[in-house]
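Next come two complexes built around subunit A: one with subunit B, the other with subunit C.
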Partner chain A sequence: MWKKFDLTTTEDKAGELTLYVVNVKGYLDSSTFQDLQDHLHQLIDEGKCRIVVEFGELNYISSAGLGVLMGMLQEARECDGDLKLANMSSKVRNLFDMLGFSRLIHIYEDVESAKKAFLKDDANGSEPTPMEESY
Partner chain B sequence: MNLNGRIPSVLNMPIKSEHNAVFTASIEELPSICGMVCQAAKDMGMADGNLWKLETAVDEACTNIACYGYKGRKDGKIWIRWRLKGDQFVIVIEDEGLPFDQTKPTHPDLSADICKRKVGGLGRFIMQKFMDEMHYDRKNDRNCLTLVKKLQTESGAED
Partner chain C sequence: MTTRNRTQSVLIESRLSELERTRMFVTEFCLLDHESKPVEMFLHQMVLAVNEAAANIIQHAYAQEPDHSLELILERADDHLLATLLHHGDPFDPSMEIRPAFDGTRSSGFGVYIIHNAVDEAVYGEWVDGRHFIRLTKRIWRTD
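What follows is the complex of A and B.
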């Protein structure tokens, strides 16, 4: 099969904070974005608003996938959380940079860095970490 | 004619005839369409750095056709032709949906506040950024979108 898509979520800790790492694999496009949207919606509806989306095994993202992430970012922040991205390939990063999305969404080199950023956010009273401290 | 041992690249290229395929215009068909086009481009020697940009542009174009051109109709078709022209991969995507020029300039607001930003329209913007050339024509009640991407970047490096 040319394209596959899968996602798994694990509960994790950053200090006392509970957060959720969503590992996205394969192709995130107009045929698969709904799965991610439904999944993130469910997490946020359950009050699980501190989310790291891990892109280490993401092969491809289209505008449909970008739309989901930007929409869910807004929802996560509205419930005092954040949606942070980690472990992005250079080509996916290229797309985020080209569209100016890397100025709006926090992108980190790996999950550990994203977890530390959540700790910082918490120490700052839930204010998102300033962009210049992102990867 | 003395070429000092050099052969013009266009003459050095194997001659490739035009290939074509027909697909149902649906989101479910996108993996097949993109997979087939990318495999063809790869077989013709397209660099990985250009390949994913081609894939993205074809994906966005066909998504627009399925979702907007045919407005969700189940019986719509997408006709695809591709060929090598010198050092360029040329693909023509045709559909019988509503007239829709995907080459029209689009300037999505990329600096607005996230709450005010509209994500729609990004697909066309991405296509225009990633392709070397785009052309549109409407003939015989079909939208004809031509996408052109060089096999390699000027430097030979991935762009």
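What follows is the complex of A and C.
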């Protein structure tokens, strides 16, 4: 049965670093954002703060979804991690660009690029990758 | 049949699960325009703005109480699309608008910010029958 929103998380490696890839599917709006918020909260509470949110199968995001991402970005960075976004559709990317969020949160073409950025962050002493290296 | 100027309306229940149907209604209305389809980004931004306005009415004007409804009227008027959302809930006071926090300290305030960025004009007021309304206007970006 098709679900309006679903998410799965897989553990992954970037060199020696362990990170978590959260794949979100369907649409992220006021009726579904709580699932993602609870899930990201749980990861961060467990100290799993290097997170890639993969948007390949996300059809729609509203202000409620943006609010979750901005809040969780802050929390992830406070525990020496980061929240990076990957594989956005042009529609979803348009919203981030329109609102200026692309300058605040790291967005990558795919998960592999996000993983490489985590390696660079680590080499730079956990400083987030400069924005110009996002795509 | 000309599709240049036309109007269509729908009643939406005051439940957040109705937002998906609201977005589909806007999408289908725009795509019915066989003469001159709007470009995809126009459609996406109009859907975004209507979704945020409807969500605000359900969450704030009706305080998430079920058993209320709002009416969405879409109107194609020459080179503009107008979306009017009418409701019996509390009116929106633009002077009380919360600015979004881009540092992640507050998750609210993005909805109105999206509306103002996605459409050319957003007007709030009282309708002739006493209902409150928000009217969104956006010039249509055509493919031709």
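FYI, the second predicted complex is superposed on the first by the 132 of 135 C-alpha atoms of A that agree within 3 Å, B and C clash if a C-alpha of one lies under 4 Å from a C-alpha of the other, contacts with A are read in each partner's own complex, and residues count from 1 in each chain.
As a convention for this text, contacts are C-beta pairs under 8 Å (C-beta built on N, C-alpha and C of every residue); 3 or more make two chains touch, one makes a residue touch a chain.
Just so it is clear, the structure is predicted and the values come from calculations on it, not from any experiment.
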Discussion item. Under the superposition described at the top, does placing subunit B and subunit C together on subunit A give a clash or a fit?
Written reply: clash
Discussion item. Just to be sure I read the superposition right, which of the two partners does A:Leu104 touch: subunit B = first, subunit C = second, or both, or neither?
Written reply: both
Practice prompt. Please work out whether A:Lys91 is in contact with subunit B alone, subunit C alone, both, or neither, and reply first, second, both or neither.
Written response: both
Worksheet item: Now for A:Asp29: first (subunit B), second (subunit C), both, or neither, which partner does it touch?
Response: both
Worksheet item: With the two structures laid over each other on chain A, which partner does A:Ser63 touch: subunit B (first), subunit C (second), both, or neither?
Response: both
Worksheet item: Between subunit B (first) and subunit C (second), which does A:Glu75 come into contact with in this model arrangement: first, second, both, or neither?
Response: second
Worksheet item: Which subunit A residues contact subunit B in one complex and subunit C in the other?
Response: 27, 29-31, 60, 62-64, 66-67, 70-71, 73-74, 91, 95, 98-100, 104
Discussion item. Give the list of subunit A residues in touch with subunit B in this complex.
Written reply: 1-3, 27, 29-31, 60, 62-64, 66-67, 70-71, 73-74, 91, 95, 98-100, 104
Item to complete: Spell out the residues on subunit A that touch subunit C in their complex, using ranges where they run on.
Response: 4, 27, 29-31, 60, 62-64, 66-68, 70-75, 90-91, 94-95, 98-101, 104
Worksheet item: In their shared complex, at which residues does subunit B touch subunit A?
Response: 27-28, 30-32, 34-35, 49, 52, 55-56, 59-60, 63, 66-67, 110-111, 114-115, 117, 119-120, 122-123, 125-126, 129
Worksheet item: What residues on subunit C touch subunit A, complex-wise?
Response: 16-17, 19-20, 23, 40-41, 44-45, 47-48, 51-52, 55, 58-59, 101-105, 107-108, 110-111, 113-114, 117-118
